[in-house]
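Below are structures written as structure tokens.
You will see two complexes here that share subunit A, one where it goes with subunit B and one where it goes with subunit C.
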Partner chain A sequence: MKKYFYVFSLSLQQAMQHRASLLMDRVRSVALLLSLYFLWSALMQNQDSFLGYSRTQMLSYVLCMNLLRAFVLSTHAWDMVGEISSGRISSYLLRPIRYFGFCLARDFSQKVVFLGSALLEVFLLLWCLRATVYFPGSWRSVFFFFVAVWGAFFMYFFLAFLVSSLAFWTSESAGPLFCFELLLQFTAGVFFPLDVLPPYVQGWLHVLPFPYLIYFPLSIYLEKLPLSSILHGFMMQGVWMVILGWVAAGVWRKGLRVYMAEGG
Partner chain B sequence: MKKYFRVWWRIAVASLLTQFSTWLSSVGYLLGKLIRLFFFFIFIVAIFQHTKSLKGYSLAQTVLFFLTFNLVDIVAQLFFRGIYAARRIVMEGDLDFFLVQPASPLFRMACGTVDFLDFFTLIPVLALVGMTFSHLPEYLNFFSLFFYVLLVLNGILIALAIHVAVAAMAVWTQELENTIWIYRDLMTLGRFPIDIYSSAVRWVLTLAIPIAVMTSFPAQAFLGKLSLGWILFSFGLSIAMISLSLGLWNKALKEYTSVSS
Partner chain C sequence: MSSTIEVKNLAKVFRVPEKSPGLRGALSSLFFRKFREIWAVKELSFSIQKGELVGFLGANGAGKTTTLKMLSGLLHPTSGQVQVLGFTPHQRRIQFLKQISLVMGQRSQLWWEIPAQETLKLNKEIFELGDSEYQETLSELVEVLELQECLDIPVKRLSLGQRMKAELCAALLHRPSLLLLDEPTLGLDVVMQKKMRQFIREYNQRYRATILLTSHNMDDVVALCDRVIIIERGQMLYDGELNRVVERYAPHKLMTVDFQSVVDTERVAALGKIVSNGGSRMVLEIPRKEVSSVASRLLSQFPVVDLTITETPLDDVVRRIFTRTLEK
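Entry: the complex of A and B
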């Protein structure tokens, strides 16, 4: 366990070292945050609620989305693609450490840095715009929210690991990964709450794992779900976690068999 | 001019062949770009199922703003994609190679790559712009169309000025590789009509980082919501920005002492 803590610590230092890259990533998030915040503000200017969201709830959705995006959807998956394609992964395979755990520790360090930065952005925006945030009325909602966030954390980790493992079979996985990330962000509820979409599209999406990454935890936080839907959501998160974890581990094992350490 | 077109054509063909040789990655990127366009389009249409207007703009008008943003952004990426590799070009010594060639080094750097994926994304955007115009017959006339096209071209010119300034900074400092990405990210603020932002943000997006001039002004001119004063301001701004960025580029070249090779 200690060695994974060292990976976490070193990756944290590395993330803080590459401040320009961090700044660039955060500028992207701030631009998205600002555009969505003002879009929803404009839409709700003359009405008290929109799609069942009060003004405070909708703006809280945007602000909390920025925090969840930073924590759940940040990953080093692109690094893994590069490591496989260039053969650098060989050096990790020879070390007395599990690559799976190594990636988890490395991802967690990035999530900590991004979450810290996202918190600062949200507080700055709240201060500048004198906006108010919705707080759940019961501690039960807060507890369920944090459980859902951790579920989303592991689901996304397995998903990203699975898609990055494509690099074992092709050196051209950057394009599919880009496509996957965009599809995931839209269907996870990053750009808008999924309630905006027609009910039949929402029905399809809820069979997939994506809405359980951002939209589901935020719906719990905003107390928009009854207990039965929350429990159903947890069940879906659990099922997808098992499926994705199992498939990711299987693909990883198969990938290692075809890996030829090209360039390594 | 003919020489530059021939060089550009050679580069474009080479870029296209490169993209064909990595077809899986290219298809992934193209699909990603189309998904982004499609989902935002669906999002705008979906929110108008629950509201009649966005800051006074109808669905077709809001879609026009969104498509204009895409039009300017995609054309800029299609033609000035080379700037994204500005730092690498400098650090690996390719700029030295460009300097001894009988063509402008700025042209070689800016147009060193032609992203045909953006060309394929441009086709549906242009088709959708045409369809959107047909949904706004009350605004469609020679002058509105003329000013729309002129201001879109003006927006592309401002994008060029920003790209040239970024290239100049890369040559001058051999750093700042992320500057162009910061511009790209800020550019997304132009996805929706500029009127949705607070007056302070609007001011910044018009005068400091003129994203509004690039993306919102053409649609506003088409809808007859832009005064002649602002139209003249747009042209003045683009001329000033182009002059400034070219001056910066020339200064950067004078300061350049070769980095690599």
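Entry: the complex of A and C
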């Protein structure tokens, strides 16, 4: 266990060394945050609620989304893809450490850094706008929210690991990951709450794992879901976690069989 | 199972997509991928006992690195059996990984942006080494490899030689009982090469570690290995004592002589076979036993400015063995 903790702390150091790229990442997030905020403000100019969201709820959705995105959707998947296609992954395969655990520890370090930075951004914005955010009426919602966040965390990790593992097969490995990230942002509810979509689209989306990454935890936080839907959501998270974990492990094992260990 | 390495009929085939030239080729390969098979290793069998230091030789592309990668579990063999330390390498059991190390000249396990020290500490955790065990090995390695000043500088700022040494340090921290070295002296200057050899020899003797090393440098092999395995196109060419190879295929050393002025070629030729003649610089081929006497005669009879003695290039030796085998 200690080895993974050490990977975590070393990655943290590495992230501090890469301050410029960290800053760029956060600037992108802030830009998204601001544009979403102004877009929704413009849409809601003359009305108190829009598509079932009050002003406060909408602002809260956008701000919380920024936090969740920093925590759930941050990943070192691009590094993993690079390591596989360049053969740098060999150096980890040769040492008695599980690459899966290594990635988890490394991702976690990024999540900590991003979350810290996202919190700062949100507080700054709140202070500038002198706005209030929604806070759940019951502690039960807060508890469910945190459970859902951890569910989302693992689902996303398995998903990203799975997609990155495809780099074992294709040399143009940036392709799958790039498509995946783009598709994911839309379907997870980063750009808008998914219940603004037509019901049949929503119905289809909720069979997929993506809405359970961002939209589902946020809906719990904003107390928009009855208990039965929350429980159903947890069940979906659980099922997807098992499926994705199982497939990711299988693809990884198959990938190692065809791995060419290039370079050196 | 008594051998440290036991390889039987080992083969590795790489399937690489075939590229047809031109735009049409590119378009058609979008839909029909043709694959070409490359037999990097083909029917290789050998075994190595505990404590041996074996040179693993062959021309470029012979399959040395591929074999080392299979021995360390990075590559799954296409067919054949490999047993290393009683394990099947590609299963990558923790107990197996704790006992081996593969060092590749161009590959680094050190984290680039942070000092090597940190990677060493990471390895301490990864290999689950005790504090005292770690300190002891580390101070020993730091001393022998003269790494004192290199460990707290970000790795990207180290010179090639310093990085190689730090690399070796990271690879040996857990005192592997099997060490696979892929061209360990590549890119190092002569002094460093010598130190590196000394170090490898010492590690082998001190811990009775088994070492398999590849090199294109005859000096490495002559200095270190009693036994060599030579492969060509993935197949065994020779497995046995180095002495016999040297006697049969490298009976000469090369002597490069710089004269003060152009000298009489015939008089020089009387001392040994002239391989190349550049007027005031000549390269002679001298039988091993006569090297010192020829050198002293050259020095006394000619206005010599400089004289260096080198081994026959390893790749020439391999080529000679190869042509000889073809003739048979």
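As a convention for this text, the second predicted complex is superposed on the first by the 263 of 264 C-alpha atoms of A that agree within 3 Å, B and C clash if a C-alpha of one lies under 4 Å from a C-alpha of the other, contacts with A are read in each partner's own complex, and residues count from 1 in each chain.
Here is the rule we go by: contacts are C-beta pairs under 8 Å (C-beta built on N, C-alpha and C of every residue); 3 or more make two chains touch, one makes a residue touch a chain.
As the structure is a computational prediction, the values presented were derived from the model and not from experiment.
Superposition note: with subunit A as the common reference, subunit B and subunit C can be accommodated side by side. Taking Cα centres throughout, subunit A sits at the apex of an angle toward subunit B and subunit C that amounts to 90 degrees, reported as a multiple of 10.
In the superposition on chain A, contact of A:234 is made with neither subunit B nor subunit C. Judged by the number of subunit A residues each one touches, B leads among subunit B and subunit C. In the superposition on chain A, contact of A:78 is made with neither subunit B nor subunit C.
Of the two partner chains placed by superposition, A:100 touches none, neither subunit B nor subunit C. Once the two complexes are laid over each other on the shared chain, residue contacts for A:51 go to subunit B alone; subunit C is not touched.
After overlaying the two complexes on the shared chain, residue contacts for A:3 are found with subunit C alone; subunit B is out of touch. Residue contacts after overlaying the shared chain place A:38 against subunit B, while subunit C stays out of touching range.
When the two structures are aligned on their common chain, the gap between the nearest CA atoms of subunit B and subunit C comes to 6 Å. Looking at subunit A, you'll find no residue that touches subunit B in one structure and subunit C in the other. By the touch criterion given at the top, residues 20-21, 23-24, 27-28, 31-32, 34-35, 38-39, 41-43, 45, 47, 50-51, 129, 170, 172-183, 186, 191-192, 196-198 of subunit A touch subunit B in their complex. Contact residues on subunit C toward subunit A in their complex (touch as defined above): 14, 65, 69, 72-76, 90, 92, 94, 97-98, 100-102, 104-109, 111, 113-114, 118, 121-123, 125-128, 182. Interface residues of subunit B, counted against subunit A in their complex, comprise 22-32, 35-36, 39-40, 42-43, 46-47, 49-51, 54-55, 177-178, 181-182, 185-186, 188-189, 191-192, 195-198, 201. Chain contact summary for the complex, subunit A toward subunit C: residues 2-3, 5-7, 10, 13-14, 17-18, 87-88, 90-91, 93-97, 256-257, 259-261, 263-264.
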